[in-house]
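What follows are several structures.
Below, subunit A partners subunit B and then partners subunit C, in two separate complexes.
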Partner chain A sequence: MLPGGALDPFLSSAEDALPAPGRGHYLERRNPVIKLLAVVLVALAVTFLFDPVTPAVIFLLTLAVGRWGGGLSLRALLRPLAIFLLAGFAILVANLLFNKDNAVSPALVSIGPFKVTVAALWAAGSLWFRLLCFASLSLVFVRTTPPQDLILSLVHQLRLSYKAAYGTMVGYRMLPLLQNDYITIRAAQRVRGVGEKGGVWHIWSRTRRYALPLLTGAVRRAGRVAVAMDARAFGAFPARTYRRRMVVRKGDLLFVAATVVVVAAVLLASWRLGIARFTVT
Partner chain B sequence: MIDLDFEVAPGEAVLVLGPSGSGKSTLTLCLDGLIPHLVEGEYEGEVWVAGLAVKETPVPVLAQRVGLVFQDPDSQFCTLTVEDEIAFGLENLCVESNRIDEAIDQALEAVRLPGYRRRRLSELSGGEKQRVALASVLAMGPSLLVLDEPSANLDPKATADLFGLLRALREERKHTIIIIEHKLDEVIEWIDSVLILDEKGRLLFLGDPAEAFYDNHELLEQSGVWRPQTAELVTGLRQIGWRVPGRPLALSDTVSALAATPGLLERLGERLRPRVGTDGWPGRLEARNASVGRPLLEVRELSFQYATGRLALQRVSFSVISGRFVALAGANGAGKTTLASLVSGVLSPEPGRVFLHGRDVRGLSPREIGALVGHVFQNPEHQFVTDTVRGELAYSLLPRARRRPEAHLDEKQRWLVDSWLERLGLLGLAEANPFSLSHGQKRRLSVAAMLIRGQGLLLLDEPTLGQDERQVARLMALMQDFQAGGGTVLMITHDMRLVAEYADWLLVLREGRLVYEGEPEGFLARPGEVDKAGLRAPALSEVSAALLERLEPGRPVSASLPWLTVPSFLSGLGPVETALVAPGGQGSATGGV
Partner chain C sequence: MSFKDWNTRELVVAAVLAVVVGVIFWGWGLLWSSAFQAVPFPASYSLVGLWMLGGLLVPYVVRRPGAALFGELVAAFVSMAMGNQWGILTMASGLVQGVGSEAVFACYRWRRFGFPTLYLAAALAGALSILLDTFVYGYYAAYTWSSIGVAAILCVISSVVLGGVLAWLLGEALARTGALSGLAIGAGRVKKV
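Presenting the complex of A and B:
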């Protein structure tokens, strides 16, 4: 097995940052489902903001909460978001070229027929900051929530069937193993002369060649886990006990309430200042 | 599996042996009721465990009587942390949460991992993972432990630790143990009986290990099961006339038996005395001189750090002479796979570090490296790229063919492919999908697919992993043919018995540093070094060392016996008759069998 670079920045870092259950920073101590609710509420609010400033403020607030509430370093927060710089640039270019208001909007700079309009910057900024909001919200959530706690919380608070919950957990365990397999298989086949050439045919045949060993391995592994779980009486009874129980405490409810209040305050202030736009103009 | 009928007494440790596909794993599932309760199939007969009829007893009840530990540590866990994993089984049994906490601590205590509660499973070593797997079944309070090749993915140190633990558990807690294991020399010390299955899953033998390995020659032939090295040595000695008493299997018993053999220690003294101070056995010196050639591979001050920050290799330098069979040994994580990957171009070394035929690999294209080096990965399935067995071999000759390379072969190439198929015994399966082959066949096919290209250097990454003895022998025969034809082998392994038998040069890595380069004898003669590298000397070299100690107490360990394999021991010692014909043993130094 070749230890390789992570394909998904969230995946490997979540493993690294797994805190001891019941301890750690403020965000880590929050009930996962309640925390998820807060994230969803904020994300919903951001979805309906069509100006760049308000989402930018919420983005910065999210970072601040992640930094001081979740104990995440700025580096840990910003590095995974680097990819969105690129996305922001793409959005900007698309808007500069195709924004329908370019013709009527005042130009800040114009180079020949090419104009950088206020409308384009405004639209691009809005989209980009909303994107950053979603990304940072998920990042902070993932980085401060031990996956096993989330699963337990789904069972305890949302009444998810425990069989489905453990199925998900096993799947989660498998992801890094699959990733390792993929890296190894790619190397193993390159040694045999399977090229890295582009072109539809090559990509198709390569995918096919990787898929078979990858899937065979995954199916075999899944079967083994299933046997090992059955051998330890998994699913023998309709209910089971839990060593740890995820509970909703007063602090969790306060956290959601505070989140709602802060977001509402930001929206209100922004609306009063005439910045916020809640519809596409 | 068919028609099995046997009994195991409480507190007994039973070793299950048999070729791959003989139904050993099926047997384990029958014992804890997954067969017939959860796995469908044709099932006849009765299994009784701890007084319970398996067919009539529900799985959760059986789960408290029988604990299963499997081969692959990563595919028997379903949670992320040690404590959650151990709690898992108890939670399924609806044990109250306050009692679970206590049980976790006790289970961790039992497997000698106190303080591991909060550790993440992903950060444990293979050996630790297997112990957690054991703890998670122990927590459920079983009287019978069933282990299905628990050491297959472990290095020698971790294997020895695991077996030591099982031994202790059996004494402390009176567990009955049924273990499937290929590593005979390691388990023979502590098992009470052996159960041998044949290819079809029929019971060939159940009983005393000494009887199985000494009195049942035919049985062993039939089942393809090997002897422990100790039994092999004693049997060999008897064949050349030495009257070794008893039927020893354990190391200490064997040493006593050999010491009590009339004339053996004296002969040993005679044969060794003239050589004290020189390095190695004359026979080996010849082999060494014959193999001196140009360096095929040269590695200079090679270091490598992964993107994750892990420093895998530190200033490793060595060269491989053409025509050698080189073993690359070391504990898991010592950097063996990284080193092989840097040689074969899977990973890219810094310029000026790795040279093939005197050329820097950084100056070579992947295609050029591929023409010089074949790299056989651990899992043969990872390297299959076509849909048929024939296609696999054809692809190596025509890697640029878009589809069905076998259709584009010329006369000569077709003949070459066919002759390889015949050699592998796969002529009848030429059109089969490679994934449908048996494990041993897959392994040989993946090696052949490299050999057919005719590269001068073949890298093999633990090729014997998960193979039974017969398959290992067939694989090694392929390697020896390749070497005889002028090929050079670099094989990653931690099986020192294999190293002693086949390798003529040894490289040992420890934590990314090369700690030994030389003949295997030189390394195995230093038990301290072997230990530190996380390896284990073959049983025979331990027997040799103990005999030497008896012969000349206080002799420095570094001057240990150069006889590390059974054939070399036998030919080194010579048949008993020569001692009678020519007392003193002079003039018969080359007399062998």
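Presenting the complex of A and C:
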């Protein structure tokens, strides 16, 4: 049903396999929260852009940073983005039909009552590259940040309640177990002669048959885990100690500064060349 | 968010439910990026409502202050970490949707979680969600206000149906199994046979 590796947060990033401080690729060594800050800043800058060219440049820069800073292969970067070819087509169709400037913009090509306008192409292009920017930014972030590092960093740097953080980690850890439950439930239903009908039309009945046993099992297991956590006095004290601590180093701050400088330079250059549009005209 | 009043079981049950909802969000996101692309802009918002589920199912089951925000944020985080097309913006949507439903539960001082509170929470989450999308994804620049208005109405309706009604169905079905006994929702539910 679901890809095995995608669901097991500990498979690809078991604690022992984590890059120790000072090892791994440049992006993997950055503090997760600081890296997140850089991503948010770039995404924020892109939100205010209304032309296709500037986001395209930032998109290519993100790919380059992911390639050489994060050690991600171009294939690993581009394959998850393939789905955006479809999204781009949908955006194009929506704009050709509903763009508000279609009435006033000159038509490039007319097909019957429809006309393909410059305004529609411009808007679709900027929306598409904006989407590609967001997607590639978070792809690079997710691929270079183990989830449990991010959660630890949220506790250490952003003072997130450790109860919430550990609760979330426990939930995340249960995902692979749920996959096993699914296999067990399917086998149990087959033994009792509940046939498995394939095809799109049976998705609903399949979901109904599996969803409730899966959820019930998860909730019962959560109860047992909670008893075990209580037995270890989880949450008894306002603070706790950690085996690993996430720290902010000078290099992390330099990384954010460099990101801001590069994005600002791209925006400035684009604006001086008369390409960048920061508002809707 | 304060988790002082939560006991460990409530916390872990909330987290597990939120993570499961996060996987559902992720799967829905894959469908959205592929099959649902056949649905053009204003109509596509009739499918958005499912993404309110985390901020509705979790508080419906756990019934604590902060459960809606926690559930929606964790679900959004999981769907982002598993990889979707919106990346970091998923968290912005999660925050806005969680705040929307939490606000409604807060208005009832976290004492009522059934009809109509659940559906009002779904509606507000949906309304805030389309508001965020309009600005973040630049709809106001690309589309006419009337088509955005249609999208907003569809978004609120689908939030009530795909979010609210689904949360209610799932919550009630779970409570009937007896797995939730000891939690607020499960009080007095298990039938003696």
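Definition applied: the second predicted complex is superposed on the first by the 218 of 281 C-alpha atoms of A that agree within 3 Å, B and C clash if a C-alpha of one lies under 4 Å from a C-alpha of the other, contacts with A are read in each partner's own complex, and residues count from 1 in each chain.
Keep in mind that, in the parts below, a residue touches a chain if its C-beta (ideal position, glycine included) is under 8 Å from a C-beta of that chain, and two chains touch if they have at least 3 such contacts.
Small disclaimer: the values here were computed from a predicted structure and weren't measured.
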In the superposed arrangement, does A:Ser138 touch subunit B (first), subunit C (second), both or neither? second
Looking at A:Val170 after the superposition, I want to know if it touches subunit B, subunit C, both of them or none. Which is it: first, second, both, neither? both
After lining up the shared chain so the two structures overlap, which partner does A:Pro147 touch, if you call subunit B first and subunit C second: first, second, both or neither? both
For A:Val225, select first, second, both or neither according to whether it touches subunit B, subunit C, the two together, or no partner. both
State whether A:Ala94 touches subunit B only (first), subunit C only (second), both chains, or neither. second
Overlap of subunit C and subunit B interfaces on subunit A (superposed complexes): 2, 147, 170, 172, 212, 216, 220-222, 225, 227, 229-230, 234-235
Subunit A-touching residues of subunit C, taken from the complex the two chains share: 1-3, 6-9, 11-20, 23, 33-34, 37-38, 40-42, 70, 74, 77-78, 80-83, 85-90, 136-138, 140-145, 147, 170, 173-174, 177, 179-180, 182
Per the touch rule, the subunit B residues reaching subunit A in their complex are 29, 32, 34, 38, 58-60, 63-64, 66, 68, 70, 72, 74-81, 83-84, 87-97, 100-101, 104, 118, 120, 122, 136-137, 140, 306-308, 310, 337-338, 341, 344-347, 366-367, 370, 374-375, 377-379, 381-385, 395-396, 399-400, 402, 435, 449
Residue ranges of subunit A in contact with subunit B within the complex: 1-5, 15, 18, 20-21, 146-148, 166, 169-170, 172-173, 176-177, 181, 184-185, 187-194, 201, 205, 209, 212-213, 216-217, 220-222, 224-225, 227-237, 239-245
The subunit A residues in contact with subunit C across the complex are 2, 6-7, 9, 36, 39-40, 43, 47, 50, 80, 83-84, 86-87, 89-90, 93-95, 97-100, 123-124, 126-127, 130-131, 134-135, 137-139, 141-142, 147, 161, 163-164, 167-168, 170-172, 174-175, 178, 211-212, 214-216, 218-223, 225-227, 229-230, 234-235, 280
